[in-house]
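Once you've had a glance at the structure underneath, I'll fire off some questions.
Order of writing sets the chain letters: A, B, C, D and E. Residues in each chain are counted from 1.
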Amino acid sequence: MHATAAEYDVSTRLVCQKLGVELRELEDWVCCGASAAHSTDHLLSLALPAHTLKQAEEKGLPLAVPCAMCFSRLKFTLHELENKDTLALVSGAVGKELSTAVTVKPMLQVLADEDIPLPIAKPLSGLKVACYYGCLLVRPPEVVGFDDAENPQTMDHLIERLGAEAIDWGLKTSCCGAGVAFARLDVVLKLSHRILSLAQKSGADCVAVACPMCHANLDMYQKDMTVKLGWKTELPVLYFTQLMGLSLGFSPKELLLDKHITNPLPMLREKKLT
Amino acid sequence: MGSDFTQQIRDKAKELLEKGTVECVIGYETGSDGFSARPAFIYEPAEVERLVFDNTCSHNLVKYLLNKKGKPTAVIVKGCDSRSLNLLLSEKQIDRDNIFIIGVVCPGVVEWGWNNRSDQLQIRCNWCRQHNPVIYDFLVGEPVTEGPPDDFADIAAMETKSTEEREAFWREQAEHCVRCYACRQACPGCYCIDCFVEQLDPEWVGIRIAPEENLMWNTIRAFHLAGRCISCNECERVCPVNIPLSLLNRRIEREVLGLFDYRAGMSEDAVAPLITFMKDEKLGIGE
Amino acid sequence: MSRIGVFVCHCGTNIGGVVNVPEVVEAARHMPLVAYADANKYTCSEVGQASIRDAIREQRLDRVVIASCSPRMHENTFRRTVAAAGLNPYLLEISNIREHCSWVHSDSKDATAKAIDLVRMAVAKVARHESLLPKQVGLTKRALIIGGGITGIQAALDIASAGHEVVLVEKEPSIGGRMSQLDKTFPTLDCSACILTPKMVDVAQHPNITLLTYSEVKEVRGFVGNFEVDILKKAKMVDYVKCTGCGTCWQACPERIPSEFDMGLGSRPAIYIPFAQAVPNKPVIDIANCRYEKYLKWKETEEGPEPPQCRICEGVCPTEAIDRSQKDEIITEKFGAVVVTTGFKTFDHSVYGEYGGGRYPDVISSLELERLMSAAGPTGGEVLRPSDGSHPKNVVFIQCVGSRDDKVGRPYCSKVCCMYTAKHAIMLREHDHEVQCYVFYIDVRAGGKDFEEFARRAQDETGALYLRGRVSQIYQEGKNLKVLGEDSLIGRPVEIEADLVVLATGMEPSDNADLIAQKLNISYNTYNFLIEAHPKLRPVETQTDGIFVAGTCVGPRDIPDCVAHGGAAAAKVVALLSQDSLTTDPLTSIVDPMKCVGCFACKEVCPFNAIDEQVTRDKRTIASINESLCKGCGLCVVACRPGAVNLRGFTSQQLLSEVLTLVRG
Amino acid sequence: MTKIIGKNELESWLSGIMKERTVFAPTRVDDLILFRPVQSADEIVFDYENTNLSPKELFFPKTETLFTAVPKDGDIELTPTTVDQEVILFGIRPCDARGIAILDGPFLDEPADSLWSQHREKTTMIGLSCTKPAPQCFCTSMGSAPNDASNVDIMLTQVEDGYAVETITEKGEKLLQGVELRESDVQPPVPTCDVNIPAEGIVEAITKMFDDPYWSRLADRCIHCNVCAYVCPTCYCFDIRDRTDKGKTERIRTWESCQSKGFTRIAGGYDPRADKGTRLRQRFCHKLLYFPQQFGALGCVGCGRCVIACPVNIDIREIISDVQKIGAEVGQGSN
Amino acid sequence: MSVDNGPLIIGFLCNWCSYAGADMAGTSRAAYPANIRIIRVPCSGRVDPLLIVKCFEEGADAVLVAGCHPGDCHYNEGNYYSRRRFALLRALLDFMGIEKERFQVEWVSASEGKRFAKIVTKFTEEMIERGSRKAS
């Protein structure tokens, strides 16, 4: 977060501050082990998130998770710990008495809470946004229990509240290929390209995401798509927190909007939003 | 508590009798030892001064409603007693329209006998999770927060004994039993016209007052209350030879709670667990 | 004092080879109340039976125990034997010393001791048997059919033709059911309407059939032979005596409502017949949508803006048949038998988010396609896309939508989808030669006469591309739909640009099938399909005597099966109604009114609704058994704490005697 | 002069008897005190108010076989039950002893009950005077006293250094043969029972108020268990039924009570005492009216057991007072 | 009682499944020990807990109740009720000193003759091992 996804980190903190959502970073968080542990060692894949969960439990706070993959792993762990035997096994591995009494929410859900008023300074009118949730935020539904797996609306509603238009499109929860990001770039390109091109065909000015992995895939590889798949244009990919920040009155600079590979500033300028 | 509760009950009783809402108020009065309570039947407004409420008001007065069918009657119930009202309503033994319920938030009742009173709460008050009446028309006292779920420690303790020890224990109890049927007569759930134990054809239980027959009686008495017992423990209180009948009732109660998540008498339209079923339940039977 | 006769059977060596029969006979002679005991080589033989009859007469026996094979084998035989000797057939008890003794034990001493015990128990039990007489009850020779689809039509016609009166109740304004919505039928490609309509007309014209459309069954009381049914006749607002069905009114009605019959793809007026060939061919007024009725409703409260008054239909009707004074009416009719043929509806595919969750207009269900293909449908038989009215060229079919899918709680196969999809592929190609069909399937199930050939034809002749695999996602891209799926045979993802996607939605029972089942006290499964008495041997009967089920309300099946099913149910009804009276089994429960406390635990557990409330002379409300409904399971007996209920043939006294005889010797 | 037996000598004397005969004595069973056969003097409780159940059980057991019948040679052979065992009943209180004596009335009235008379014959009763009457006691009002020696064979009264011994009957004398008794001039204290229940004239009073609604109002509270009857030393209602096991049939007599529903039900289902009021009245009329009429003495000995045991505090002492009061009122009214 | 050696087992079998299953055991000559005495009832739901307790009161060593498999009851629901009743009764009896092993409830279909023989054989052997209740 502090490194590759600084934009997300900074914009989230700014927005939270503005909205009065107090964030506390767990001092001793560990990697959730996504992409590596869960395909190799089942126990480890539960123990790593469990360690983090335990800290939140000890603090007595709900856990707001910015990354969809981390969110998925944490939720999976909670789900598996419902089984008493598993609970005992993982408790042993972590060395602490675990419980499932922790609330885990994706950052999107936290900030999209309609009970939190949005002091809109600059409505994003005229901006058409394709909300992209990615695959892990909403799936599998019985585990994560967040929104509709096929046609989620949380971000759409949030974007509409910012004054922008959330377009209806069909690939909101399709896979961008992050799982094989390093191994099969060709797959990533194909999947991400499909997402971007549908978003564009559907009239979107930009894509809003809620996960650093999604962002990386969709933002970084647009040049490669041009070379390999004939992707002729560019489509800015922004964190939903950045769009929130913009409407709440922060400057593009504060929100690190200039740090993206695919530069969103010309588009925003055109829409008179900067 | 006592005098205030007593006054509220007297006032209400008076009002009900004066208005003619009821013919009789069933409550408590002071008994012949000068301090412990006994059931009282008040028919005249002038008699309401006899009514008292204190921590010796042990009797479950709901049983008496069975003798008052068709007559408007008010009854004073503690939390546990109130559950038996629901039981009798669901089993169509009493008519809600004829009953005025004065519920009392129960502070617990003490162990007492005629002319002797301790400060110790009765054992049933240790398990009790129903100090607030579940059904009433007029409430005396402020509702209290109920304690955590009962842990049935008494049952667990009994279960640490071996089967042989348990058999010997109950046989010993059966030796004491004189089959006076006080347990049955005090129980609000026992209202058969002809109890199985006294039937001659089929003669389920033989005439002998002997351990075998007594065990049969005690087993079936408890089983006929399966999923119906509301834990007022009147049976145990009235037993002249102190048989710990609560152990039997509570062993079943724990099973009913565990298997069917059911507590008897919590609502007037509840269906008792033995006259309903779920198709896919696992009960450790025939599996 | 009873005089009990005991007859021990050698059954050749089957019993006698292990059990010492003379020893058993000798022991029996000393049992209480036994006046006579003897052995037979083969008791079930004519000689054996004759010896029992003789002994009953000569020894003045009043009760009989036969120790032989299982009562499940010869109880009825021997009941007839003792009856022939003048004894009540229920004063007999069989002691099973073959299947339960000689055939499973080899030690002669043990087996003999056990046989003696078993005989002793039977003697103890028979001593408490009572003479029982089967009861005769009359019956109403009329049948009620609930549901006027093809199954109900067939059943109604068959029963009526056998000479019995039939009342056919249909909740829609016309009979015909789902079959009337279909264009062609597989595998013969007969026109559905062409084969169905004549049958509908037959129903309307049959002198033995009373047709009650726009009606529903409200309540059912009684038992086999003697049902009493409340039927709600919804107000049609049209006097059918005056109405000629000329159609002036429905052409004049200015209101337009999505047509249920056309699956919302077309529209209908507020006074309407659901489709051109409707039977009866007379309209009803849809009160919820009629402008004048809305106005009348508004008049009551005068809230909101005043809607226009209309009454055009009344103005144009040449016979003054519009009658707004009609009210919903409940009539009560008597029947001897009921056939439930409430049919099916198709699965609502909007739960499939990956198929668009109902958001994409060009993702349609198969039944919608039927309407699009039907010459009498909203497009006059031209298959046009709902979104823009264009002719689709690339059509993707997806099989098993709401079938064979645990995820949506529908693990069963709907049986007809493979075939109708093949039909659709063939028909689409016939409509337009440029159409290319793709079919995503799990298996092609074509088990039926000429079915496999038909499915082949879709693939081979029509060129439909069958892809084995499921579709993972459909999304709108521009005007078209992108279908992402997998061909699992080659193991590659597939991407198809489609103009139209047709979902083969499965069958599920009609709305309220469970409620109807509850009213009739018959069982239904978790999907609300009705449960037959036995899936193989009693496929149209139910656990409740006199109630029959047929057609798709029992489970998915195609038209010929429905017709056969309806006919089968009709045959059962006819057999029942052909009797002059019904004999009830006397082995039922009875209530001792002196002991009953009126808690009705018995009523709660009775699976057959056989327990009624009754008020005694001293004003106690107690239970009473309806012996025609009681099947003698005895659940009530055990539920009854005071022992007020007992079961004839298995009384508490008898079971207790058996136990006591055993333990106290 | 008073004859005294020391505590130790008493115990060794009893131990000696136990070797030859069964000794029933008050002993602790769980939290009850009951008459049970004791094997050693240690088991005996000397310091008790009274036992929870009365000792009538020894003469009129809860369950007793009257005779046995077995089929024999095509006929039936009957064998009556006999009482063969010599029994010592130690520690019976004067009130309970009086109860036994009262029951001689109904049981020994001709034709005498053979089992009762056998039990009486085979039992030697050693009474123990009460030192301190309990709150429920009212024996003096019923014609007895805490040290009433009239119904036992030997009477013991606790004194400082042992027990004062009174030998009442020959049976008692026989039992005491060879036992060394100290002579002393200590006078055993005479305990008093302060409770005074107005029993005089009760027969007339209860006769007068026989039909008073008092009984049905009292029955409101009664739950009609059999507790009072089963703890009472003078209740003797019973039921008789047969029981067959392995070809042998026993005719069995067991305790019953006039309080239980159906006790008086006759063939055809009619019950002359079907309502609770008449059943409750029966109990008190039997004690206070019928007993005096038939046998010349009140049927209550004032042991107070029913007072303690009744689950709903139906207190016979209150009732006697009430009956007197109502009887007097009714009497005035009619005069 | 004429089981001279070994335990007395009383079996209550429902007419439609388990009694027929026991018949099937006979037809297929599936042998089992002769200690069991079978009482025919229409349905396992007809077996009153009173009868079970009576058997034990009178000294029977073991009781077997057998009915149709859940879902197969001839009367649709009978065995669902018996399942509940006997779950509670078994717990109560065990609590009172009659080991739950002595009171067995089994679902035996009409086709499970061999299984019935196996169940009875195993049950009898277990009871022999535990010994007679009277002796204990």
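We take it that a residue touches a chain if its C-beta (ideal position, glycine included) is under 8 Å from a C-beta of that chain, and two chains touch if they have at least 3 such contacts.
In this text, all values refer to a predicted model and were calculated from it rather than measured experimentally.
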item: Contact-graph separation of subunit D and subunit E, given in steps at minimum; value: 2
item: Shared chain contacts [subunit C and subunit D, defined touch]; value: B
item: Remotest chain, subunit B as reference, centres from CA atoms; value: A
item: Most distant chain from subunit E, judged by the mean position of its C-alpha atoms; value: A
item: Between B-E and B-C, the pair with more C-beta contacts; value: B-E
item: Inter-centroid spacing, subunit E versus subunit C (mean Cα positions, whole Å); value: 35
item: Centroid distance [mean C-alpha coordinates] between subunit D and subunit B, Å; value: 32
item: Mean-CA-position distance for subunit C and subunit A (Å); value: 52
item: Residues of subunit B touching at least two other chains; value: 194, 196, 204, 274-275
item: Per-residue multi-chain contacts in subunit D, two or more chains; value: none
item: Subunit E residues counted as touching two or more neighbouring chains; value: 49-50, 54, 58, 77, 81, 85
item: Chain pairs that touch, as defined at the top of this document; value: A-C, B-C, B-D, B-E, C-D, C-E
item: Parts of subunit E lying in touch with subunit B, wherever the complex brings them together; value: 49-50, 53-54, 57-58, 67, 69-71, 77, 80-81, 83-99, 105-107, 136
item: Partner subunit B, residues of subunit D touching it in the complex; value: 29-32, 52-53, 62-63, 135-136, 217, 220-221, 223-227, 229-231, 239-241, 243, 252, 254-255, 257, 260, 262, 276, 307-313, 315, 317-318
item: Residues of subunit D that touch subunit C when the two form their complex; value: 244-247, 269
item: Subunit C - residues contacting subunit E, complex; value: 70-73, 96, 98-101, 103-107, 110-111, 113-114, 116-118, 121, 523, 543, 587, 605, 607-608, 631-635, 637-639, 647, 650, 652, 655-656, 658-660, 662-665
item: Complex contacts: residues of subunit C adjacent to subunit A; value: 352-354, 356-357, 359, 473-478, 482
